[in-house]
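Take a look at these structures.
You will see chain A twice below: alongside chain B first, and alongside chain C after that.
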Partner chain A sequence: MYIELLKLASPETVVVVTALVVLALGLANERTAGLCSGVAAAGLLFAVAAVLMLPQQATLFHGMLVITPLTSLFKIICLVLAFFTVILARADLSSRNRGEYLALVLLATIGLMLLVGSEELLMIFIGLELTGLSLYVMAGFDKTDVRSAEAGLKYFLFGSTASAFTLFGISFIYGMTGTTALAAIGQKLTTAPVQPLLFVGIVMTLIGFAFKIAAAPFHLWAPDTYQGAPVPSAAFIASGSKVASFVVLGKIVLVGFGPAQGSAAWHAMVAGWAPVLAALAALSILIGNLVALAQTNVRRLLAYSAVAHAGYTLLGLVAGGREGFSATLFYTTVYAFTLVGAFGVVALVRRETGGDDLKNFSGLSSRSPLLAGCMSIFMLSLAGLPPLAGFFGKFYLFSAALRAVDNNGLLWLVAIALFGSLISLYYYLMVLKVIFVDEKSSSTTQPLNPSTSADFLQEISLTVLAAVVLFLGVMPGTLVARIIAAVQ
Partner chain B sequence: MIAWTIYVTFAGAILLLFLPRTSARWIALATTVAGFAISLLALSRMPIVDLATFKTIVRIPWVPMLGMEYHLAVDGISLTLALVTGLTAVSAVLFSWDVDHRQNEFFFWLLLVVGGSYGVFFSADLFLLFVFYELVIVPKYFLIAIWGSTNKEYGAMKLTLYSFFGGALVFIGIIAAYAATGSLNLYDLAQFQFSTQLQSWAFPVLFLGFAVLAGIWPLHTWAPTGHVAAPTAGSMLLAGIVMKLGAYGALRVAMNIFPQGFHMWSRYIAVFAVIGILYAAAVALRQRDLKFVIGYSSVSHMGFVLLGLATANALGVSGAVLQMFSHGVIGALLFAIAGTIYRRTHTRDLDTLSTMGLSRALPFAAFAFVIASAASMGIPGFSGFAAEITILIGTWKSYPMAVWITGAGMVLVAAFTLRALKKSFFDTAVSTNGGTTSVSSNASANALPPITIAEKWGAGLLMFATLAIGLYPRLLLDRIMPAVEAMRFLKQ
Partner chain C sequence: MITLGDYLIVSGLLFTIGFAGVMLRRNIIIIFMCLELMLNAANLSLVAFSRFRVDAGLPNYNAQVFVFFIITVAAAEVAVGLAIIVALFRARQTTHVEDIASLKF
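Moving on, here comes the complex of A and B:
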């Protein structure tokens, strides 16, 4: 039994061992920072290999650990995102306490893998907490910066409150159905009539996830955390944590609460989680995009745009069904890669000019055409312009939403989302305008930090990310086919 | 073969990113000439019968799970528009021969606009068409915001947001059709019987989305400001190609897949078109900036295209397609001349220009501007006449009233064109102190650098095209008419 468990949990085991090794290395010697990064990166790659060797299907302990093509695919995606975060951290943080930081990244990754690989509410909660606790510390990791402390504290306070709600909601659901396994909950709900108290439980559970994905009105932590936290932490919070949360949220609502979906169709709303998510989506899209218009700091701008993107991504879940879920998964994956890339550019600009306000980006195209090109790919993908992945993602999401409900019932939500995209184009273009059109400002003529080999590595990884975004835009079929096959 | 217009153009664009700047303009020229040559070759080689239907040339599965295909097709309408794209692109490159600021980037964005436009004209898959359609938006922003003049960032952003707004409406229309049928293939969609209820709302959304880019009144305001802010080549592309993308989409997609919706709404389109023709012409009459005059004249001429589409008969719609070609050429020529004047005098203010006696300083520009104005006014012998008369005959069958009103509009067009022509070139005798002004203007005029060879070639090409089609419109009409007649909305 335990041998079986060890075999099926081998990717998680590899990451745990790597985390311990990195921690030990970091404690042993201050000058092993480079080695720590190397070990962490290698461990993550080993874990990817371990995921690839897992069997196709397996279930342990009534769904506490589940292996399906879907979980394997998203474990790999989380590991790859962690890999890029490690590379980002290599260039961004000073070498003090590097081992601890990387160990935290790896621990958070384990949390993500548990989240993705479980269909049982308690295990999901453990995964949420493990991820959350690691990320709180990562957000507040830069002890020399007050903003970092603010970021960590805000993230922690909001996060712990949201977790409390989720746990409370889970207890309601357990009380009503007598089980915490998602599939069993789904079966109970189909046979028994849905009681009002259960809706309370569902809504409370959703609150915790709305916090994780930074959907309005649970987004208030996002701007300060994205702006204040060390860049790699912010990137990981915005990408890895979000992807895993969407995977789990999708599983919970579609598998667990499937019968209580209700309907968000215009003039034909039926109580359930769909109208709740639809309201969250509409609110996130409007608030995120409108507030992003007023931002002058690129990281804050990305935070509000993240709120808006959480709204778009929710559209697929509101639509429900396999197609909607696939669209959500595709979009959130693409979004995560895009955002890690965007934060990578921000990190380099910050190193070079000492800040990440819009004005720090002025004249970037003449200073570094490569960075400017990558940033334009990321921004235009976020804005949803072809031939980039964000464009296909939006098409997929919106068409799934429109097809899911009869008589174009979700047209109102799609129209709001398109209106939001129109607004968002303005602020993404403002970033690009600063990069390409504005002349070099005098304050930034002298680079603060000369480029190093770490920068070179980071530029390569950014180029890879930009290429991925472009490739998924031109050939979206490669990923969509995998996701559709996995969701079956 | 014609599909190579797309590949060559994008290949040229990518090549530009990696080669040194000295070769940039030559690569751009070679690319655009190749594109134009391919379209010309297709015009001469492809039998007219083959152009009567939208015939598949490439069809490869793209995202099979969702029914998307890489699917290109060609008919007479596509070919006509590909020709004007190639023509405008070549002369736009010739007129930007002296761009000296970040050339590689300039020609990169320019070629993206051109390549995306070819793509739109040949797409037979709605998703593919939309990809190309949206692909054109961002390059326009950079072309204007970096290399433009007068209020360039405002103009660029306004144009981009309007285009994207139109794109969002198109998007809704496309996914509504997609959700109803599960197909994105234009053939299938053109056979499908959509419910009347869906057509009644999806058609106006889709049509309006495209028409924003065609400059439909009252959503035309991006066009004059965008044209004014754009660099010469940018204005030429906007007038010559980009506005056609909208009109083409309205015809190929909106009208073709929602015929019932079209018949419900066609008379309102005609009303908007007539208002657009008159309103833009009247506004043009009062402008002081030469480029604003031409910008509003573009809106007015595109009003004719929309009017032709709204007639819903073969003659009117064919005339609209011919007008797309004709206005592409004439609009590009007018903007090109305005650009050459601006480069030399650094002003586009008509009152200032009128003191300069430019007809003597820049005789070739004056000659070209006269030709362009004559074509723009619809003098017989130029393409503008052939197109507009076809549209008006078509309109007579559907909305006789509109012909009377538009007739008055043509007088306004003549009035503002002649005013601009006189003020910019032939206004030497200034009343207050005629003698001294003419002396000083001669002095300043002599200092103006002469028209370059590249500019002469670019203008010559466009002038030749408008004359050729004006004298022998059947060259295109024979290919357009059967393709239009094959469309579904005529049969219902």
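Moving on, here comes the complex of A and C:
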């Protein structure tokens, strides 16, 4: 039994060992920062290899650890996102305490892998907390910056409140069904009618997850955290944590609460979780896009756009079914890679000019055509323009939502989403206008680190990310086919 | 005789008090204590549900194991939370949320 456990959990084990080694290296010697990054990156790649060696299907301990093509695919995606975060951290943080920081990134990654690979509420809770606790520390890691501690505190307070909500919801779900395994909960719900107390439990669990994915009106932590936290932390919070949260939210609502879906169709609302998620989605799209219009800081702008994107992504879950879930998974993956890239550009600009306000980006195209090119790919993909991945992702989501309910019942939600996309075009193009048209103003603040030139490795990774976004836009079938095959 | 409903009412009250404290109080330490209260409300309802769900003469122990995990996680959360509060206090010399507002638009 334990041999089997060790075999099936080998990717997690590899990451744990890497985290400990990196921590020890960082503590042993202050000058091993470069080595730490190398070991962390190698460990993550090794873990990807371990995921590829896993069997196709396996279940341990009543669903506490589940291995399917879907979990393997998303474990790899989480590991790759962590890999890019490690590269981002190489250039951004000073070499002090590098080992500790990278160990936290790896621990958070383990949390994400547990989240993705479990169909049991206890394990999901532990994964959420492992991710959350590592990310809180990562957000407040920069001791030289007051705003970093503030970002950490806000993220911590909102995150813990959210997990308390999830937990209280889970306790009611357990109380009404007598189990914490998602499949068993789903079975119980098909046979017995949904009691009010169970409905309270479902809604509270969803509220907790709405905090995690930064859906309005539970998004208040996101702008402050994205702006104040060190850039690699913000990138990982926005990408890895979001991907895993959507995967697990999808599993919970579709596998666990499946029979209590209800309907969010315009004239035929039926109580269930679908109307709740539909309301969250509509609010997120409107609030995120409208408030983003007024932002002058690029990281804050990305945060509000993240709220809007959480709204779009929820559309797939509201639609439900295999097609809706695949659309959600595809969109959140594309979004995560785009956002890591965008934060990578922000990190380089910040190092060059000392800030990440819009005015720091002025004249970027003449200073660094490569960065400007990458940033335009990321922004246009977020805006959803063809032929980039964001366009296909949105198209797939909206068509899944339209087809899911008879009589175009979800047309109202898709109309809101289209309207939101239209607004978002303005602020994404605003960023590009500043980059390509505005002259570099002379009043920008002193560079933080004028001696270091742009990191070669980081530029390569940004180019790779931009290429991925372009490739997934031109040939989305490569990833979509895998996701559809993996979603049962 | 104390019934399941009584436990749930107490647990709901604890959760409400905790959430109200998180929303209304202005001292970070107190907010922090209220967070713990919310977690403990969940613990109470889990244990109560476990005790009153009897299969073959034995309570369903799943939830009681769950509670042990929650207690451990809550302890870890205290460690991380207090560390962040100390870091912030060193920078700002305050534990009031109104003074911590350098990030806004």
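Simple rule for what comes next: the second predicted complex is superposed on the first by the 476 of 488 C-alpha atoms of A that agree within 3 Å, B and C clash if a C-alpha of one lies under 4 Å from a C-alpha of the other, contacts with A are read in each partner's own complex, and residues count from 1 in each chain.
One rule holds for everything that comes next: a contact is a pair of C-beta atoms (placed from the backbone, for glycine too) under 8 Å apart; a residue touches a chain by one contact, two chains touch by 3 or more.
Computed from a predicted model, the values in this text were never measured in an experiment.
Looking at the shared chain after the overlay, A:L385 reaches chain B, while chain C stays out of its contact range. Touch criterion met: A:Y396 reaches chain B, while chain C stays clear of it. By the document's definition of touching, neither partner reaches A:V255: not chain B, not chain C.
Shared-chain residue A:L60: touches no atom of chain B or chain C. For chain A, the partner touching the most residues, choosing from chain B and chain C, is C. Contacts of A:L122 after superposition on the shared chain: chain C is touched, whereas chain B is not. Using the contact criterion defined above for the overlaid structures, shared-chain residue A:A415 touches chain B, although it does not reach chain C. Residue contacts after overlaying the shared chain place A:K433 against chain B, while chain C stays out of touching range. Once the two complexes are laid over each other on the shared chain, residue contacts for A:L167 go to chain C alone; chain B is not touched.
Chain B meets chain A in the complex at residues 62-66, 127, 130-132, 134-135, 137-138, 141-142, 145-146, 153, 157, 160-161, 164-165, 168, 171-172, 175-176, 178-179, 182, 198. Those residues of chain A that touch chain C in the complex are listed here as 122, 125-126, 129, 133, 136-137, 140, 143, 146-147, 149-154, 156-157, 160-161, 164-165, 167-168, 170-172, 174-175, 178-180, 223-224, 227-228, 294-297, 300. Of all residues in chain C, only 8, 11, 15, 18-19, 22, 28, 31, 35, 38-39, 41-42, 45-46, 48-49, 53, 60, 62-63, 65-66, 69-70, 73, 76-77, 80-81, 83-85, 87-88, 91-92, 100, 102-105 touch chain A in the complex they form.
Looking at the complex, you find that chain A touches chain B at residues 380, 385-387, 391-392, 395-396, 398-399, 402-403, 408, 411, 414-415, 418-419, 421-422, 425-426, 429, 432-433, 436-437, 476-477, 480-481, 484.
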